[in-house]
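Following this line, the structures themselves.
Presented sequentially are two complexes of subunit A, the first with subunit B as partner and the second with subunit C.
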Partner chain A sequence: MSLPSAHLFIQTLILGILVGGVYALMASGLTLIFGVMKVINVAHGAFLILGAYLTYLLFQWFKLDPIISIAITMPLFFLFGWLLQKYVFSRIESPEQTSVLVTFALALILEGLLGAIFQTTARSVTPSYSTATIILATYRIPVTRLAGFVTALVVLLILYYVLERTRLGRAVRATIQDPRAAQLVGVKISMVSAFTFALGVSTAAAGGSLLSMIYTFNPASQGDWVAKTLAIIVLGGMGSLPGALIASLILGVMEQLTAIIVTLYWSPIVFYVFLFLTLIVRPQGLMGEVIREKG
Partner chain B sequence: MPMLQLDNVFASYIPGVEILRGVSLRVEQGEIVCLVGPNGAGKSTVLRAVSGFLKPSKGSITFNGKSIGGMPPQKILTEGITHVPQGHSVFPKMTIHENLLMGAFTVMDQKVIEQRLEKVYSLFSWLKIRSKEKAGNLSGGQQKIVEIGRALMLEPPLMILDEPSLGLAPKTMSELFENIRELNRNGLTILMVEQNAREGLASAHRGYVLELGKDKFEGTAKELLDSPEMAKLYLGGSTDEDSYRRRRGRWA
Partner chain C sequence: MLKFFRSTPGLVAILFVVGLISPWVMPNQYYQHIIVMTLMAAVMASSWNIIGGYAGYTSLGHAAFFGLGGYLVAWTNTHYGWHPFISVWFLSLIVVAVALVMGWIALRTQGSAFVVVTIAIVFIFRLLALNLGSITNGANGMTQPRPGWGGAQWSPELFKIPFLYFFLVLLCLTIFASWWIRNSKFGLGLIAIREDEGKAESVGIDTMMYKVLAFGISAYFVAVAGGIYSYLFTYIEPGFVFDVFVSVTMVLMAILGGRGTLWGPVLGAFIMQPLSIWVVGAFGGSSIHLTVFGGILLLVMLFMPQGILPAVSESLNRRKQVQSPAQEAK
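Right after this comes the complex of A and B.
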């Protein structure tokens, strides 16, 4: 264990924040879906990896830049998510209780299918700038990380705009806050659920595209990613978008700092210990609300 | 023809356990009708059957001559009946402005929404002044006004109010009833449930007493208020402990 110099410390902080931004995008859909439907989508990691493979194919076949490919993968996943919720998940009774099992099964199916097609080889998308770095005031910043961060930010801002400024987005928030009152003013919960699920899955597409150029992945990576994004939304408070953002930045910075102070292998351990300690003090997570029983 | 008519309505939450056992009542255009009765009599259940949140198992419900019994709630809403439920139902983390907009969720015409917003703001001017405040931070009485304002965004011919005065301080309560009478003078027809029978009936034209899922008495508000039987049975008001219990939690 060694303490880093101030320069290295700031360098690490920058990297942590860049990674954290991408995590925030990856976790946003998961927390949103939970907020509206009280469903834990264990297939979220598989959606991320599916998005990564789609980006990989678009790159292999058409030399399409992974960031540009988001313009294709997001709408496609939106449609996929909508159909999945409307025709499959909506048929499941008491989703609060069974969703974990059902989405876990879906994750395994997706992992199996991807394994059959792509085997277990670790892949990654390597655009021309994949090894480039820029130097900003003596700090080295990998271009893919910076581009990933900026893209994540843009997608999150669009998501924020949809939720805050549009009629459907307002209906989503209303349903999170009080589903019965939402019905009272004419919101159809089934429609809002389909929209939310579609939105959540489409953010996984964007997250997957970024993942594909920043990390290597194979079908089994879905397990790591669902664990990571779940940990983020539990820390941030299930259902809270701002919470997910803060937790993502904490995770990103903590991982990077642990990696230079101790070793890379300690990163997850330190984060999970932090998560447990936080939950002991705040069982509802950083920005979560204590669930009240309604009379 | 009455605006709203219930004829021998039966309804249950659990099959076989009938909560409403033959309720008949009517609301004429321009009236305030007050439904009173003891806890658990089924008052809220009557309102839920009207707004479609509970399907009646038997009997008919007509609105302006059209049968609405068993229609989905969204459909009944667009027919022109809005329901302000018991307890609190504002969207707590939305601003007053956004809460009102949610009231017009089923309205597509942006111009119409603007006009109605102005109308609600002119009825309750403090709503406009505080439009950017989160509804969850308002007092109970203020939240009730937001809920009523939200329901007005549909310009409904009929509003049903479930115990609007529940948990309010006496002064706020009388202001609320004054607001309700004012809305009625402006043409809104109201079916209201009140635990606080004396105050409720005092603001109403006619009333019904509901007991064990059946309408037991009907009369003008004055008749009910003056009847010695009623006075003994129902006009004592609820006990403090009772209203404390009922104030907790949101709407049931």
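Right after this comes the complex of A and C.
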């Protein structure tokens, strides 16, 4: 263990923020779905990995750039999410108690299928710029990380626009704030739920595409991503999008710093430590309501 | 006499006798393996049921206690030669102590948030097991000497029988503990917490104390099972035991049989464990067994969330009502 120099510290800070942006995109769908439906979608990690494999296939077959493939994977996942909500999740009684188990079942089904098709080999998508770095005022910035960060921001901005400016988006926000009042003023909850779930799952497609070029992945790695994204939304305040963004940046930076100061192997512990600290000190997270709700 | 066999001690006695004879009726090693694993699963599901069923807190963290029990046994066996069949009973008390601390933190949350925290517990222990290489040997896992007693190894043909008997005794103990809790004031308090925690608190139940205690007790038998599991396979590895999947198997078995009932988790284990061993065997090294398991979990959650035993007793009650309409429904 050694303290990094100022240069290394700033370098790490930059990498942490870049990673944090991607985490924010990955966690956005999870927190959105919880906000509207009170469903903790444990299958979110499996959706991310599914998105990563889809991007991998598109790259292998058509040499399609992982960022461009988002334009294909996102609509597909939107449809997938809509159907899942319509035919599976809408049937669940008392989602707060059973949603974790139902979504865990979904995650297992996907992990098993992906494992049968792709085996456990670690894969990644390697576009021509995958090893390139930009040097900016003596700081090295990997192109994939920068591209991932920018793409994540663009997708998050689109998400923000949809939620702020469209009728359906306003209905979603109203439902997060007060489902009963939203219903009274004519919001159709079933419609909003389907839309939110589809939107949340489609962000996993984009997140998965970015994941595929920044990290290596195999079917079993879905578990690690669930743990990370869950820690983010608990720290940010479950159901809060701005909270998820701030938490992602904090955890991204802390993770990179741990990797430098301690070792890479210990860096995931940051997520769990923050998760526990949040629950002890401030159960409602950075932003958001108290999560001591009775499930 | 008939009445005795329908009471809990009677049913446990039947289970015990059947278990005692089973290896001599079925000398086939593969069947004995299935019985050993099924008894172990029944222990775990019944133990989980104390916090998950009676108190209604869906813990997905119990894999951590399973693994911790396994590692403690593996470590003390290789370093000090402590025989697991004896040491596991008190080593598991260490696991209970850990569980009490974890529970004290995790049980501040409820509902889905609690599930998330317990998932994190498993990940923390996996990370510890992977990174504290000097103790746990990291991702390579720990091996133990071949099982035996007093310097002599058990012969390959009779090798499973001590384990079968161990888990049989453990299962009987677990069922008695669960039965005792269910009929005690403590158990009533847990059920009150499940039904309405706010009200339970308002009638003077120290809910936090009750929950943490139930969490600790339910960790005990799971830890004992984990310890003997690592001895049986003489090998333990982080990814194998510290896996949320291990917790979910306990949950599925308990829910399938009837969460919160005494015999439901045992029934669920007796159905699910032979089935999953068969599925794993049928599909070889492929991961498709995860899909099958997930599919069963999904179907149970969607179509039979209350479980087999409650569904059966409900339909029996309904029939009774039809026969004697004067009798008032419960």
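Here, the second predicted complex is superposed on the first by the 287 of 295 C-alpha atoms of A that agree within 3 Å, B and C clash if a C-alpha of one lies under 4 Å from a C-alpha of the other, contacts with A are read in each partner's own complex, and residues count from 1 in each chain.
In this section, a contact is a pair of C-beta atoms (placed from the backbone, for glycine too) under 8 Å apart; a residue touches a chain by one contact, two chains touch by 3 or more.
Note that the coordinates shown come from a computational prediction; the quantities given were computed from them, not determined experimentally.
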item	value
Combined model on subunit A: subunit C and subunit B, fit or clash	fit
Broader residue contact with subunit A after superposition on the shared chain, subunit B or subunit C	C
Subunit B versus subunit C as contact partner of A:Lys188, first or second or both or neither	first
Which superposed partner A:Tyr160 touches (first subunit B, second subunit C, both, neither)	neither
First, second, both or neither for A:Trp266, with subunit B first and subunit C second	second
Which of subunit B and subunit C A:Leu108 touches, first, second, both or neither	second
Subunit B versus subunit C as contact partner of A:Lys38, first or second or both or neither	second
Subunit B, subunit C and vertex subunit A (Cα centres) - angle in steps of 10°	90
Subunit B versus subunit C as contact partner of A:Tyr139, first or second or both or neither	neither
Subunit B versus subunit C as contact partner of A:Phe9, first or second or both or neither	neither
Subunit B versus subunit C as contact partner of A:Arg173, first or second or both or neither	first
Partner chain(s) touched by A:Phe276 [first = subunit B, second = subunit C, both, neither]	second
Overlay on shared chain A, then closest C-alpha pair between subunit B and subunit C (Å)	14
Footprint overlap on subunit A, where subunit B in one structure and subunit C in the other make contact	292-295
In the complex, subunit C residues that touch subunit A	58, 60, 105-106, 108-117, 119-120, 123-124, 127, 130-131, 197-198, 243-245, 248, 251-252, 255, 286-295, 297-298, 301-302, 305
Touching residues (chain side subunit A, partner subunit B) in the complex	167, 170-171, 173-174, 177-178, 180-188, 292-295
Contacting residues of subunit A [partner subunit C, same complex]	34, 38-40, 42, 88, 91-93, 96-102, 104-116, 120, 219, 223-224, 226-227, 230-231, 234, 238, 265-266, 268-269, 271-272, 275-276, 279-280, 283, 291-295
Footprint of subunit A on subunit B - complex, ascending	51, 53, 73-74, 77-78, 82-83, 85, 87, 89-94, 98, 101-103, 105-106, 150, 248-252
